[in-house]
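Structure first, commentary second.
Letters A, B, C and D name the chains as they come in the text, with residue numbers starting at 1 for each one.
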Amino acid sequence: MNPIIAEVTIVPLGTSSPSLSAYVAEVERVLSKYSHIKSLLTPMSTILEGDLDEVLGIIREMHEVPFSKGVQRVSTRISIDDRRDKQISMHSKLEAVKSKR
Amino acid sequence: MNPIIAEVTIVPLGTSSPSLSAYVAEVERVLSKYSHIKSLLTPMSTILEGDLDEVLGIIREMHEVPFSKGVQRVSTRISIDDRRDKQISMHSKLEAVKSKR
Amino acid sequence: MNPIIAEVTIVPLGTSSPSLSAYVAEVERVLSKYSHIKSLLTPMSTILEGDLDEVLGIIREMHEVPFSKGVQRVSTRISIDDRRDKQISMHSKLEAVKSKR
Amino acid sequence: MNPIIAEVTIVPLGTSSPSLSAYVAEVERVLSKYSHIKSLLTPMSTILEGDLDEVLGIIREMHEVPFSKGVQRVSTRISIDDRRDKQISMHSKLEAVKSKR
């Protein structure tokens, strides 16, 4: 297994209010089903760590959530960091930077 | 069928040269197998139009290409525009903007 | 002068309709004042070519447009490609890929 | 003052090694000069909170760092969240989601 780190931001468009946190909370609920997938909520995104295909499947499911709440258009951005010469994790990436400060 | 528009940029990291066009050309070759999927090469990305799951599968395949050329780390960014109140296309999106200029 | 290529997407949030093309058209109007800056409208973004500081200034001005139309929240994404070992352009980047196909 | 939240990822290209943490650590050093700007290092980015023009100026300075270390090409991605109907912060955005879980 080669874990990747992926960052995802799911933005509902055409909601009448600029407040989007209720949608974000609903999207996050998907993650509770996948307790073996490490996740981190940041002020701008959700970061996931796990097998690439499984993570893409979870993101696919997250992307569907705003539509189920009546939203008509969703903009989803994904950024994948996939390194294969050594195993990476959210933790190891942060530690590598901090150790060089 | 609900076609989505997706933009993808696949960036090989740790290549010794800053020239990446040979990798991009190799990644683009994946698209030749999918002649029913509309695609547009821009100076910053590849834009795809088609069914969301099929497009994600193609992007998954594109992401693998640099590794098969010896690259050890790949950063892939995807941006999905999924609208369900009306059918969109790369063409209709451009026309909608141009008609309002 | 070292021209960079920048891709920008300016997304108004909390608009009542999922149609955003009227905002995009208004944002594009900013570019008509900068005829020496090359620009390309794609189905997902606007790509600009020029001096980095000037391009950032133009993007700053584009970012302000939806607010002037009553929007209360704007999500702006910028991607900058800055290469300094050789001069790049939107045209040369596309040609480099096509020549290797 | 209207604080915005911006996420930035600065990726050096054409480095011979796929390890980039030394560059990230160097880029982060820029922030030590701006103690009034809140920042958060995540496994995928740096998130900044402050005045839009000041934050863009800091990102401009961060973007220059890899070049000063001999890198020939830098890919910088910025995502700005600018809300003007109410004041937002990194903290308030996280709390808004957590309170709705």
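Side notes on the structure shown:
In this text, a contact is a pair of C-beta atoms (placed from the backbone, for glycine too) under 8 Å apart; a residue touches a chain by one contact, two chains touch by 3 or more.
These numbers come from a predicted model, not from an experiment.
Taking each chain's centre as the mean of its CA atoms, C is the chain most distant from chain A. When the interfaces B-D and B-C are ranked by C-beta pairs in contact, the top one is B-C. Work out the mean CA point of chain B and of chain C, and you get 18 Å between them. Each chain gets a centre from the mean of its Cα atoms; for chain B and chain D, those two points are 26 Å apart.
For chain A, residues that reach two or more other chains under the stated contact definition are 18-19, 72-73, 75, 77, 79, 81, 83, 85.
Those residues of chain B that touch chain C in the complex are listed here as 5, 7, 9, 18-19, 21-22, 24-26, 28-29, 40-45, 47, 49, 77, 79, 81, 83, 85, 90-91, 93-94, 96-101.
Interface residues of chain B facing chain A in the complex, by the touch rule stated above, are 52-53, 56, 60, 63, 67, 72-85. Note for the complex: chain D touches chain B at residues 11, 13-20, 72-73, 75, 77.
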